[in-house]
Each structure stands twice: as structure tokens, then as C-alpha cells.
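Look at the two complexes coming up: subunit A is in both, with subunit B in one and subunit C in the other.
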Partner chain A sequence: MNQEPDYVNLDPRVEPVAYALPRNPTTRRTARLMQQIWKYRLAYLFISPAIAVVLIFIGYPVIDSLILSLDRWDGLGKSTFIGLDNYRAMFSNTSGLLDSLRITVIFTACTTLGTATLGFFLAVAIAERVRGWRFFRIVNFIPVLLPMTVVGVLWGMLLDPTNGAVNTVISSLGFSPPLWLASPSTALWTIILVSIWQYTGFPMIVFLAAIEGIPLELYEAARMDGANGWQRLRYITWPLVQGVALVLVMLQVIFGMRTFDVAWAMTQGGPGTATTLLGVKLYQSAFLYSDYGYGSTVAVAMIVIIGTIAFVYLRLVRPLVATT
Partner chain B sequence: MSIEDLIGRRELKRRDLLKLAAAATGAAAASRLTGPAAAAFAQHAAGNTTITVEALPGTVGPMWSADAVAWNKSHAAGTGITLKVRIPGGSENDYKVLFPHIAASSAAPDMCWYWFGGAGFYNQMASAGLFVPLDDLYKSQGWDHVLPDAAVKGYVAADGHRYGVVDNVVWYPQLYYRKDAFKKAGIKAPPSDHPYFDSEAEFLDAIDRLRHAGYDSISIGGVNAFMLAHVEDVLLQRMTPEPFVKNLRENWLKSVPMTYRYTDPRWLAVNQKMVDWKNKGVFATGFMGRTELQAMQYFATGKAALYSDGSWASGKGMLGGFAKSLDFAWMLYPKMVKEIEPKFLLYMGNAEEILTHGKHVDAAKKILAYHMSLERQTALARSGILTPARLDIPANAMKGLGVVGYDMWKQLGKVGSAIGWDDPVATKLGQLNYTLMSQLMAGSIGPKDVGTQLQTALIQVRAGS
Partner chain C sequence: MSLAHFKTIGVRIAIYVPLIAWAALVLMPLLFLYNNSLKTSEQVFLSPWSLPTELQWTNFAQLFDGGGDATSFATYLENSFIVTIASLVAVGVIASMAAYALARFPFPGARFVQVLFILALAMPITALLIPIYSLMNGLQLLSSYVGIVAVYTGLWMPFSILLLRAYYDSMPRELEDAARVDGCSDIGVFIRIVLPISKGGLASVTIVNAVGIWSELLFAFILLSDPNMQTINVGLLAFKTQYQVQWNLLFAAMALSVTPLLLLYALFQRQITKGMTLGAFR
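And now, the complex of A and B:
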């Protein structure tokens, strides 16, 4: 009777023992993984510090948050395991989580759309070398470099309902000025505007780099074929920067969903809960109420929400990115 | 292609790896030796100890900085102890919520300024063993006899120890008013020895007249919700009997019966009054969009006739300093019901503590004794930064508080004082109330919602959750 060998030689060029793999699929996969690790051991050695950093500063906190979300802990004493109580509290009517989620989605959608659209058109204008393009390139990027606290204080003073420069100008023109940050109906839109003002420079620079990477011959050929400015934008520029745009939107959505600084610096989540983004909710739960278990529950919810959005988005846009 | 191929088949020899490892270990050791622990070791060896105190930004920081200058000039050489002050950035609330974690870490200073009672996380910090007991200092320095009774007796921890000492007192909130605005509106301000309008109607009439005279009404920093909670606190004193407030202030403790609830009509009436005042324009236009500082600027620049804030605002670090040309005076919020006389709301929880994670407990105790000495407390009064807690300060030194500060201090005994709800209550309730006050004044919830949510939180706190 022919007995099957315990190992299968996958590479006929080498001795069977050296690269033999077990027949059991699971053991085989493990053995193959070990072989790969051994083969690229030096590469793994080089990337191990980076992996260690990721595990220590991202992996560990995420897992710890998950564990902490099942506890009650005031941040100083001993924690107590309470099962899913924090999750029950989060989904209760009074938690305000859904309201925060709604506010965050509005904020993210508007800032993403605003920064990406404005950034694209500014990049196109600069690439077209409009008069003063160097000035616009610098001026539009400077806000990105400013710390959010500085931006918060600056805009807080400019938008003071009665004492601020903006409303002074509006009043002098005979219009009734809005209350900006002081009213629940305008506060969210105000921080959206300030965020767009601050972060438009980032997509602008990225789009500009992408546009300037497009071969000039394409534009010259289009011109010779009689294409006008809009047609060149529509049929050359946009298709060639579409891939960049899709990645940018992804990044802006992630930035938007986890925003904390602009709302905290300008309104501390108020008036009332008008600007309580998920990030603010997390901070309030963990630090203001000293309830780190519940704060971790909000953090876990944020990871799940952002992760889901990123996953769905990537699945949707991957074919588009591949074609561009 | 493997990495060996990429780097041209050069081999990383074991000896080289060992050399690399040795170099990394050496660098780590050098870093450790030049770190703070080594610095502390080197200083100790040289007979010099540095005590670091962490102080709240604003008025507490300058108070400690003045102490550091005085100590380092006259005592550092003789004692071998140098005093260093660390003032973190950020707001008061940032300090409140973040400092406990610094205190629990290896970066803890030797001493700190932190609130007694429920206003911050003092109770949790004490339970976690972060504070050094100060009973010996109370005895040796005689603090039991020179500090207000409430400050001495009110803050004994559950284990019988005292972990902090009150170094200054504040009262809140007052109404600071512009004399020119009152003059223009034809309003006679209440005298210092009877510093309030005798009825709400009189008060509202004054507000109306000020608005007609072209001034905005009470400037208050609604972004900092504790400012709103302070007004709520003052209305509680004016509109409800003391036993009611006292029970609500203390009934988060299991040992105190829950005689009253936050759904009580009297509590709801106070919140309704806040809403009514907002609707009547008692608070300046856009107050929910201003911070404490912006609200102060709005008053100081002459746009608003009144400014609502605590006693600290009259000091040289704030109104008394940056608005030297401003001619202002003070009064209390009005009498609301006939039977209850308005009082100052006194807060005696501004305390100093020594941290167990600090490295030099004995030296820190020397510094704390110096900080609380008659000499330094008198200097504090003269500086006008804050009102010292000691009761044996010479009266002429108290004039350093400035005209307004000194005047208020003189009236404290005559008008009388009460303890507010906001500060001694459990942290969870106090912080929740800030959020609820912001929501109430923004119009997103009503008084009943405030009462219901506070009552739910009270039950949770009593249950230990």
C-alpha cells in the first residue's frame, strides 16, 4: 500500500525536508507563515520597531478601551466590572449619543464637501497661474499651520455677537447680524465655516500636486483640438485627479468624524449640546464626569462608526481608484 | 526578492547586532541618568532640594510665584530648598479634570493647589491615597485657630485625616457695575452695607433703564457653564430655605437622608427663573457665546453695564488690573422673596495639598508652612491677588485687595454668608448641572428636564455608580 508522505514539497528545486509543509491545512498555513517570516527575517527585524510602536500606541489603547468599556472606573481608584451597562446607558434615550452622532455627521459632511470642493477649485486656479497665484497658495495654506486653540480664540473674538468685528461690519451695512456661536441654531454652522476656513489649504495642496503632475502635452493637445477651459477641466484634470479626490474625501471624513478641538476651543460643545460632536461627548464623559468606562464606550462606538464608514467607502471607491 | 537582495547581499553580522544593542542600551542609560530622577539625585547629593508646586492658572499661579520669589530670596540658601512653580496652560476646567491624573503619575509635583470637596475630584484623589495627611502641620502651625471654622471642620476626610489646607476664600457671584452707566440711567445703586435691590421688580426695572440708556445688561460668560451655575446657586439661596439647599447639597452621601429631590417645585422654580431672566434680557445679548474673559472685556469696554463673576474678578489680576481707568463698584444679586435676606455665597475649598508621589514630603511641608504663615498671608492680602484665608491678617493689609475687594470683605461679616450648592455637591452632579445649565439657557431643555436628570444622577451617585 502506498502511504502518502507526511509533507508535500512545494518547491521541486530544493530538498524536500527544507521546504516541506505538513498536510493538515491549519498546520500547513502556520508552517508556511513561519517559513515566510524566516525567509524575510531581516525585513521583519527592520519593521519591528514600527510594529512595536503601532501595537503599543494604537493596538494596546484600543484593546484597553474595549476592556474598560465593560467597567466602571473613575480614573484613580479600582475599576469594577459592570458588563454591558455602559452600552445600555449609551443607547438609552437620555445619553444624547444619537444627537451627537447626527451633529457629527452634519459637521463631517459639510466640512468634507466644503474643504474638498474649495480646495480643488483653488488648486485649479493656482495651477492656471491666475494673477497673484503665489500669494493665494501661501495665504490659503497658512490657516492649516495655525494651532486650533489660536484659531478658536481668534474667531471667537471676531464673531462676538455684539463686540466682534464681523457683526460690526454687518451692522454698519444695515443688516441684522446673526449670533454666531451664541445661538444653538447657528453655532454648528459657525464652527463648520471656521473648519472649512482652516482646513481648505490641505486638499488644495494635495490637489495642486496632483494637477501639476498631469503632463502638459495633454492640455496642449486638447487646446489644439479646440477644448475650452471648462472642457479641459472636465475631461482632463478631473479624471486624472479623481483618485486623489477619493482618497482625500476618505481622509477628510475620518478627520471630521473624530474632530474635537474646534468645538471644544470655540464652544465647549454648547450652547446646550448644539456643537457636542462625538469627540466632545467622549471628552465630557471621560474627563468632566470622571467616568472612564462610559468614555471608553463612546470611544468604541466611534471606532465602530468610523471603521464602518471607512470600510464601506473603500469597498465602493476601490474600483474607481483602480481605474484612475 | 528578499531584503538581502535589496541591500546587495550584505550580511548583518551577529557582532554588529551586538554593537548596535550595546549602543542602544548606552543611550537609554544616558537618557535615564540625565532625566529628572538623576537631577533630583544630584541635587540631593549636593544638599539642594527643589520643591515643585503646581498651581491653577489665573490668580493662584501669581500667588505662588510671589511666594517662590520671596522664599528663594530669603530662605533657599539657609534651608537648601528651592521653590519652583509650575503653571499649566488651559482653562480652569481643564486643570480640574486633568490634574488628578498628573498627581497620580510619576510626573507628579511635590505640592499642588486643588479644590476641596466635590467641586473637583478631591474625594477620589484622597481615596486613591494621593495626598499626604497634614494633621501634624495643623497642630504645629495652629491652623485650627487661625482659619475659619468651616474650613477647618468642614474638610475632614472620611478617615479622619486632613489632607489639605485652605489658603484663600472667595465669594460668588457678585454683580460688578459701571458707575457711569448707573449715573446715565439715573439708577441709585444700593449702599455697601445693604448691597442689593430689595425686590426682583426693582432689579428688573434697573436692567430696563440701563438698556434704555444704551447699555447691554449683565455680561456673563455662558461658554463657561459654571458661571451660569453660580447664578442658579445664588437664586437657590434667595428663593429656597436653607434646610432645603443643605439637604440637596449633602444628600448624595448615603448617610444623609434624601429628604428633598431635584424634582421639587422649589428647585424647578429656580431653573424657571433663570429662563425667565434670559427671556427678559437680564443677561447681555449673545452671552452664551462668550467666555469668562470675553464677558469681562465686554463689560470693561463699556458695552455692558453689569458683569457677573466671583470675588476673584475684582482683584488686580483681573478687573482691578487690566481696567485701571474703569470706575466700577459691586452689589449682590437682588432679594427675591420677602422672608429670605440675600447673603454672600462663601467658598472655602481653595486648598493646598502635598502629594504622595512627590519626592520630598518633609521639604514640601516646610514650604506649605511658609505659604500659610502670617507673613505670606499678609503679603497675599497686600498684593491684592486673592483674599487670604487666615483670620488674623491686619486690617490695613486687607486694603491691598483694592477698593472694591476691601469693601466686599468688610461687608462679609455684616451681610452674612451661606454655602452654595454647586461646589460641595458630588462631582458627578456638579458637572452634570453645568451641562444642564448650558442646555437650559440654550433652550434645548426645560426646567423639568434639569430636575429629572439631576434626580436620576443623584440616585446613581447614592447607589455608588
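And now, the complex of A and C:
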């Protein structure tokens, strides 16, 4: 019954013109595909500039990183093929890459957890519609918009150990203030705090939209059943924003793993290697030590790690969220 | 309109405390910035928290003056505006066309293209720096508007397309179909129906992109080595290392970088938060 017709109409507006299709199944399929492509030629025309720029500025660099990672290249002369030497160097104990990875993971985990938790509670508080909630929503989002350079320089000054405004206050209260960026043991935590300061507004605004999307009847019903505020938060709000929370965490993890600016603007990776995130490591290898091959190896490591996270997100987390 | 998890007075006060604390933490550095941008260098150093005795507008004049071997901040600002606006136009045109194609035409390969954009979005842009640098070097496009605008157009493309596509998907098609019945071509439908209806979505995407592109540091830093071509945030870093003692000027320079963003936010607060939220839900 479902036999394919021997012709297709290319254009529904041109009524009875039919195009004969070949009888052979393979050529028939190809012909059908060609007809489809011809039918949607405008769509291809519309999408080709976008594909072109994405292939040139994202696709090609990814492949070129793979190739460069097998080379030694100082950025000026000819590159020489050295096989897997860069990878061997990367996994050796002296390269500092594992240390960089550890720093990046700590940075990412703490900023993700910090921004998501704070953002959630700020969103809950604003959704309560307390007096001035609009003000809080607008103001708390501002840091997200600020350039990291400005944020880095500004907090760097405020947190200056000797004459920074923060430590002046702390010591006037009689406490001994931390050295913040100046000490290897606190520098990483300082840039984590600054990042949390900057990015908490993003989860806040997303959680807020999710909470505002919850039907008020649910809360009314729960109130009738005698659920108190905490219970309503725990058993209505939280389960209904869990999916959004998962998406946010994945996004923040992806952003966190590729961070460069905050460390560069505040510490340039130091003191020592205390804040050498993977992004900083890549930058240093290539543009400070002119070892573009090794820098590309770090790039490949980043692509693999973040690609894996993104794959897990798209394949496992998103379908999960979509079904709940 | 209150969700009212909590009604008791004590708990409601407890809600205010973190809100006020966080707002103060957000506003304090900003006030610090603007306040110090209008003081003399000594005042900044000796009493960073006091109000200026006399407003030092000359700080800004000095920045614009450049003077000596320093690049004028007027140049930096101009570069930032040119690069940001040109990138936004390029991204807006190319992304809206691509998103329209994806949202309305089930062409062969559409799913593949969609996956390509999602993959591209997940790529760590930091990792693309070296090949893009050598590509731009090879094309002689270092320290040029064309070069940096092309790079930004590519890097911001996946995000913009996916967001706009989500927006088009949520738009009713009846008007487009009606126009087609009336004999309007697909291109005509796009220009006369789709673009006007979707201008809210396009505005959201453009403004979110504006914030990101204005603030972009890494690529601007690497691709724009000529001080006369640098954007304001690159200039700011250079200024910080060169003139570390002139605190007041550094604050004024930061005010110049931040103010356009705050103005944009003041004008388009809804679109910005909407655009970013849409991005997360997509």
C-alpha cells in the first residue's frame, strides 16, 4: 500500500509537473536526495555563511591544534614534526600540567558550587517578593556584565595586602588580614571568591525564571495541606528547579574549565604556579615561551576534557532533564 | 503575587539579610570605582573611601589626551565601539539567516548542522587561540578591524544561532504561511515577516553578545598588538602595567570601560536577562 510514487513534486505551487524517478533503488534514493537539496536550495544559501565562519574559526582551529600538537614550532619559522613528544612532555611529572589540571578542577568545582548555591538562595529570596525585590534582581546581576579585566583590577586593588581597602578594614577591626593574591596558599581561593562574586547573578536570574514558572496553585494546595515554608521550598520549589540546576551546573563547569581572564587579570598565573589554570598554561606555553606545539597540546587536552563534559551533558543530562 | 514560602516576621527578616549583604557587596566596588575615578592620585592613595573634595573631571581629560607615548583612551573607546558594532551586525545578519533556515526548512543535513553548532558551542575558545593567531598572521589580519571582527563573528555564531533558532521555533508560522499563499517568496517572507516579528529575540541576542564582545580580552589581547587598534580592555591592562602609580587615572579608565555596559543594562535590562535565561533553558 505504501509504495513510493514514481515522481515527486518539487514545488507545491507548480501543480501537476512531475519528475520521473529512476527505478533502481540506489540511484532512486540519490535522485530523491538531489531533488530534496534542490528544493531547499534557499535554506542552504541561508545557512552557508554561518557554516563557513564556524568551520573557519572553530572547526579548523580544533583540527589545526591536533596537528600543531605533534610539532615543535616557535611561531615564526618552519614547524618540525616531533610525533608524540609534546604529549610525553605533558604527562611527565615536571610539566606541571597535572598541577594545572588540579588547580582548574578546584577552581571550577568551587565556583560552580558557590555560584549555583548562592544564586539559588538569592533567587528564592527574590521570588518571595520582599519589598524592593526588583532592585535586588537588577543590582545582583550587574557583576555578570562587567569585563573581567575591570573586575580583576578592581578587586586586586581592594584586596591589596598592604594598602588595600579590605585589609585596612580587617586590621582596623583587630584581625590579622590574609595576604590574598600575594600568597600561594590563598591566591587560588581569592580568584575563586572573585569569580563567585562576578558570576552568581547568572544562576540567580535563571533560577528566578524557573521558580517564577512554577504554578502558584501548587503552593496554595500545599498550604491548604498544612505544609510550612521550608517544606514548600523543599518539596515543591527544589524538585521543580532540579532540572534547571543540573543544566546550570553543567554550563558553569564548561565555562569554569576554560577560564583564562580572571587569573590573567589578577595574578598572571602566580604566585609561582598557584593560579595557573589550563587556559593560562596554554597562553604561557605559546605566547610567553614561544612553544606553540606544546601550547597546542594543552589546547587538545582542554578540548578533550571539555568535549567529554559537553558530551555527557548533551547525551545523558539533557535527555534526563527533558523527560522530568 | 507572592510565592511566600515564608510569612513569619523573623524569617522574612532573615531573607533580607543575605539580599542586602549581597547587594552591598555588588555595589561597594562599583561605588569605589566611580568615586575614586573623580579624585586626585593622592586622595585615592591616602583615603580611598572618602568622597572627593573636588570632582576631578580632568582625570578623564587626561586619559583622552593620551600625551607622551600613551595611546589616547579616545582611540581605545573608538576601537571598542567599531569592533563591537561591526561584530554585532555581522553576527546578527548571518545568525538570523542560519537560524531561519534551521527552524523552518527540513533540508537534508539539517540535524547534522545543528549538531555541528552545538559541538562548536562546547569548544573551549581558549584552546582555539593559537591556530586563530597563526591563521590571522598568515592572512596579514593581525591588528586589523577585519581580522578581529571576523574572529568574533565566528566565535559568537553558534550561541547566537542556537538561541535564535529556539526563538523562531517558538514563533507561530501562520503569518508566514499566509504571506506565502499571497505569493510572497521565501526571502520576502524572511525579510518582511520573520525579521519584524522576531525583533525581540534578535534584540536579546544582540545585547547579550554586545556585553560579551565589549568585554572580550584574550583574543583582543593577542590579535591586536598595535596600540592604535586595541580595544578598551586591552588598553586598560597595558595602562595598568605602565602607569601603576596613577591610581586615579586607572579608576577613570575602568569607569570608561564599564559605563557603556551599565548604560546598556539600564536601557535593556529585560532583554539581557531574558536572553541569558533563554540561553540556559535551550
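By definition in this document, the second predicted complex is superposed on the first by the 261 of 324 C-alpha atoms of A that agree within 3 Å, B and C clash if a C-alpha of one lies under 4 Å from a C-alpha of the other, contacts with A are read in each partner's own complex, and residues count from 1 in each chain.
Following the convention adopted for this analysis, contacts are C-beta pairs under 8 Å (C-beta built on N, C-alpha and C of every residue); 3 or more make two chains touch, one makes a residue touch a chain.
Only a predicted model underlies this, so the values are computations on that prediction, with no experimental measurement involved.
Trainee: Output check: A:G307 vs subunit B and subunit C. Expected answer is one of first, second, both, neither. What do you get?
Mentor: second
Trainee: So in the superposed three-chain picture, is A:A165 touching just subunit B, just subunit C, both, or none of them (first/second/both/neither)?
Mentor: Only subunit C; A:A165 stays clear of subunit B.
Trainee: Going by the contact rule set out at the top, does A:R258 touch subunit B (first), subunit C (second), both, or neither?
Mentor: The second partner, subunit C, only.
Trainee: With both complexes superposed on chain A, which partner does A:W155 reach: first (subunit B), second (subunit C), both or neither?
Mentor: Second partner only.
Trainee: Please indicate which partner A:D74 is in contact with in the superposed arrangement: first for subunit B, second for subunit C, both, or neither.
Mentor: A:D74 contacts subunit B only, not subunit C.
Trainee: Can A:F287 be said to touch subunit B (first), subunit C (second), both, or neither?
Mentor: both
Trainee: Could you look at A:S195 and tell me whether it touches subunit B, subunit C, both or neither (first, second, both, neither)?
Mentor: neither
Trainee: Please name the chain, subunit B or subunit C, that touches the greater number of residues in subunit A.
Mentor: Comparing subunit B with subunit C, the partner touching more subunit A residues is C.
Trainee: Which of the two partners, first being subunit B and second being subunit C, lies in contact with A:L179: first, second, both, or neither?
Mentor: first
Trainee: For A:F46, using the defined touch cut-off, is the partner it touches subunit B, subunit C, both, or neither? Pick first, second, both or neither.
Mentor: Both subunit B and subunit C are touched by A:F46.
Trainee: Taking the stated contact definition, name every residue in subunit A that is touched by subunit B in one complex and by subunit C in the other, in rising order.
Mentor: 40, 42-43, 46, 75, 157, 163, 287
Trainee: What residues of subunit B sit close enough to touch subunit A in their complex?
Mentor: Going through subunit B, the ones touching subunit A are 2-4, 12, 93, 97-98, 100-101, 104, 121, 124-125, 127-128, 130, 216, 222-225, 284-291, 294, 297-298, 301, 303, 427-428, 431-432, 434-435, 438-445, 453, 456, 465.
Trainee: Under the definition above, what is the set of subunit A residues touching subunit C in their complex?
Mentor: Result: residues 33, 36-37, 40, 42-44, 46-47, 49-51, 53-54, 56-62, 64-65, 68, 75, 118, 121-122, 124-130, 135-150, 153-155, 157-158, 163, 165, 168, 197, 200, 202, 205-206, 209, 211, 214, 216, 219, 229-230, 232-233, 237, 244, 247-248, 251, 254, 257-261, 264-265, 278-279, 282-283, 286-287, 292, 295-296, 298-300, 302-303, 306-307, 310, 313-314 of subunit A touch subunit C.
Trainee: Would you mind writing out the residues of subunit A in touch with subunit B in their complex?
Mentor: Its residues touching subunit B are 39-40, 42-43, 46, 72, 74-77, 82, 94, 156-157, 159-163, 179-184, 187, 267-274, 284, 287-291.
Trainee: Show which residues of subunit C lie in contact with subunit A when the two form their complex.
Mentor: Counting only subunit C, the residues touching subunit A are 1-8, 11-12, 15-16, 18-19, 22-23, 25-27, 29-30, 32-33, 45, 48-49, 94-95, 97-98, 100-102, 104-108, 110, 113, 116-120, 122-135, 150-151, 153-155, 157-158, 161, 186-187, 190, 211, 214-215, 217-218, 222, 233, 236-237, 240, 247, 250, 254, 257-258, 261-262, 264-265, 269, 272-273, 276-277, 280-281.
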